[in-house]
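Structures given as structure tokens follow.
Same chain, two partners: chain A is paired with chain B first, then with chain C.
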Partner chain A sequence: MSDWIDVCVTDDIEEEDVIRFDHGTRSYAIYHSPEGEFFATDGLCTHEQVHLADGLVMDHIIECPKHNGQFNYKTGQATRLPACNHLGTYPVRIVDGHIQIQLSE
Partner chain B sequence: MTSTTTDIPPRDYRLSEQNAQQAFERGLASADWYHTDVDRKAMKALMKRSDGPAIRDTAIWIGLLFASGAGVVALWGSWWVLPVMLIYGVLYGSACDARWHECGHGTAFKTAWMNDAVYQFASFLVMRNPVTWRWSHARHHTDTVIVGRDAEIAVMRPPDLLKVILNFVGIFDVWYSLKALLLNAGGVFQEHEESFVPSAERSKAITAARVHVVIYAATLASAFAIGSWLPLALIGGPRLYGCWHMLMTGLLQHGGLADNVTDHRLNSRTVLMNPVSRFIYWNMNYHVEHHMFPMVPFHALPELHDLIKHDLPAANPSIWHGYREMVPAFLRQLRNEDYYVRRALPPTAKPYREDLHEI
Partner chain C sequence: MTEGIVIVGAGHCGVSAAHGARMAGYRGRITLIGDDTQLPYERPPLSKWDADGPPLRPIFPDDWYQSHDIDLRRATQVTSIDRNTQLVTLSTNETLPYAKLLLATGAAPRRLPADALNDAQPRYLRSYSDALTLARNISAGADVLIIGGGFIGLELAACLSARKAFVHVVEAHDRILARAVPLEISQMVQQLHADRGVSIHTATSVTTIEDNVAFLSSEQGVRAEHVIIGIGSAPITYLADQAGLKVENGIVVDERFATQEPNIFAAGDCCNVPVAGEARARFESWQVAADQGFRAGQAMAGITPDPAPPPWFWSDQFDHTLQVVGTRMGQASHILRPLAGGGAIALETDSNGHITYAAGFAHGNAVGRDIKIIQKLMEAGVTPDPAALADPKTPLKTILRQR
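The block that comes next holds the complex of A and B.
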């Protein structure tokens, strides 16, 4: 079973930026791409469990603020060491200007 | 400036499983570190990448390196070669460290291949395996000056001052570096390397070490073949006679300050320096700022310093001032290894983070 969860309104995230979204015991990162699309991944770097929302978004890359590991936030793929393991990604939709992500229970 | 002592068990700097477990139990390993609050918009502007400053500085660095290297060749055999070797040596044996460091973080250039190319070149000059040292430095940022976790603690307690002094001409450092490269080239990893280099990365480390060893062997062979020290004065040798600036600036990063804490304001030092040293060192004199926000490129560190200095101990105003603080601390640590320099915070700063390290 999966649910669509309200995150925030689209204006809350600047283009080419990211915010942190905590839900239950998990943390997620929600991205606004330069093309105006929204994406969601796990919120913590797979290398040392640092919040990615404090990092830098460059095009479709999120760079971890602690060790500069990089991921493609559209696919979750780790693209620069020391990040080796990929991030989980989550479906995103926009409903009446609200960003929603789909989380599995 | 005040100083203090704490009741800490005798230090064991080996990166063993037992020491790692102790560091985790004390909340010191992979900890959540103190950060000064910075507005997200301001931080995004500071983190923004560009190629321009690093291309300019790298062009100057490589240009001066090759020009002075040509000068060494041209003047070899005359006393006039000595001042030219001084310049070439520092550009080779000291400036390489800052380029290795900044390009290893991937922040110097915006373009990834430029970071990678300069990183590989600088790794060779500084005699570091580019694979193992990338992981070593990641650990240094995770567990900065945490005993039993950080492999890059330059001066352990009690300080071995003879070793520190001899390292100004690279004696121990080069020996350990060459030993590590030779071991890696033979497929052997030391205990500390095994603790932070993932298994999947080791074949790359072996290949890199073999490339370095082959170049050094060829340099040595050419010196024998032509019966001259010149090849060694150009390749490898500057890591000895030119590393003094790297040591001079590098010791100030953490020397004489606290260990086993989770607040970079307690274990790192920002020192204001002359423009030449800042060029050679690529602004790593802003060391508290760098550790707190490693995403900020070297060229934006002065601006970051201005933004957060209200929350940091006052920067040392010169290299000399830094040494006047650090050297007496080393001397006191000979008698009491728990001693460290604890600098006063300005009234505008949040208090030092004390909750974890006093467990």
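The block that comes next holds the complex of A and C.
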């Protein structure tokens, strides 16, 4: 079973920025790319469980604020040490100006 | 190139070199030799304990070495190098040929002369096994004396005091972290330690230690059941010395990390690199070690190494984080940017207005993003308005976008 969950409205996230979104027991990071698209990944760095939303978004890269691990938030791929495990990514859609992410289970 | 690359030292630098060479497309043999028994691990957590003590955190999982075709030899030393035949001899008596050799031998804690310590048995921290020994021997209520108010000493002070030990830190300078950060940041870190019950004695040295009591130059005596020394480290260069390579505060290398012998390279804590113009430096930091290793791997693979990023490091002190980027120049002008949620960033600029250095200290990860943006401002070579830098209401990302 999978659900589309309402996150916020599109104006809530600046371009080339990220916000934290907690749902249930988990935390997610929702991104607004420089091209105006939205993406969603797991919210915690795979290295030391730090909230990525405190980090810096540049182009399509999110950099962890703690140890500078980097991920491509469109694919979840870890692109710089010390991060070596990829992030989970989640489908995003916009409905009437609202960002929704699809969470499985 | 059947002889391949041999890397001496499997810390962050050595592992990054193997990674860098493979990422550069190198297909020859890579042998990575380390004296530790563990899978190569991260050193920073050794002085940043969790509830269970020092965490053991492998740099890469076990199968990474197989999937990248890297022959990892643990618990093995290199005992000698023969430059003429391009062979190294291992502690197992095996000899290995090399086309390119990297010395990533790191640094060892500086020792305090034994006479000052009298009957105390000092402990040092470098390896996981050192950290485990500290955690197993120092329990709640223990009296701990830490000699040296640098990063290792202060991180251990925070770990041990969080575990209910009574901690004194003795620092010879008139403030802690004197070399690394400006006065305001030193004061904020010292205040945090004082608030959490660590006693810091600056401009003080230990005169002698007798029967678990340390006598200080301030004529105070403090209980010192355990003595830990954190007074910096010295490069490990005996292989380079023995091979006749040039050593001056580290193994002397060029911007490609090559020694005067074109097939022998050195990187990380053990090497001395050109930084700007005629200036040279030896760094002791996780990020620099990883970065230099990666770029030395690129050089050994035959490609031009990436440009060096500004040096960056972090330190955890209780639930606060310190982050530093750049190099302190001394002559620089000074800007203090207070942070909305507490803490501050101290910046230095050169006579042209370029940011050369920044140190931020705050609760949690509050400084991380700003320090990254400052690094990007440095790399972009911009000259921001000092008033904007000092104003917490002007987001640094706005300054970056306006460039």
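In this text, the second predicted complex is superposed on the first by the 105 of 105 C-alpha atoms of A that agree within 3 Å, B and C clash if a C-alpha of one lies under 4 Å from a C-alpha of the other, contacts with A are read in each partner's own complex, and residues count from 1 in each chain.
By our rule, a contact is a pair of C-beta atoms (placed from the backbone, for glycine too) under 8 Å apart; a residue touches a chain by one contact, two chains touch by 3 or more.
Quick caveat: nothing in here was measured; it's all calculated off a predicted structure.
Asker: Label the relationship between chain B and chain C on chain A in the superposed model as either fit or clash.
Answerer: clash
Asker: For A:65, using the defined touch cut-off, is the partner it touches chain B, chain C, both, or neither? Pick first, second, both or neither.
Answerer: After superposing on A, A:65 lies in contact with both chain B and chain C.
Asker: With both complexes superposed on chain A, which partner does A:56 reach: first (chain B), second (chain C), both or neither?
Answerer: After superposing on A, A:56 lies in contact with both chain B and chain C.
Asker: Taking the superposition as given, does A:84 touch the first partner, chain B, the second, chain C, both, or neither?
Answerer: A:84 sits against chain B and chain C alike.
Asker: So which positions on chain A get touched by both chain B and chain C?
Answerer: Shared contact residues on chain A: 55-56, 58, 63, 65-68, 81-82, 84.
Asker: How about chain A: which of its residues touch chain C in the complex?
Answerer: 50-51, 54-56, 58, 63-68, 81-82, 84
Asker: Under the stated contact criterion, what part of chain A meets chain B in this complex?
Answerer: Touching chain B from chain A are residues 17, 47-49, 55-56, 58, 63, 65-68, 70, 80-82, 84.
Asker: So in the complex, the part of chain B that touches chain A is made up of which residues?
Answerer: The touching residues are 30, 44, 47-49, 105-107, 110, 112, 134-135, 138, 141-142, 198, 200-201, 293-295.
Asker: Along chain C, where are the residues that touch chain A in the complex?
Answerer: Checking each residue of chain C against chain A gives 16, 19, 42, 44, 59-61, 64, 287, 290, 312, 314, 321, 364-369, 372-373, 376, 397.
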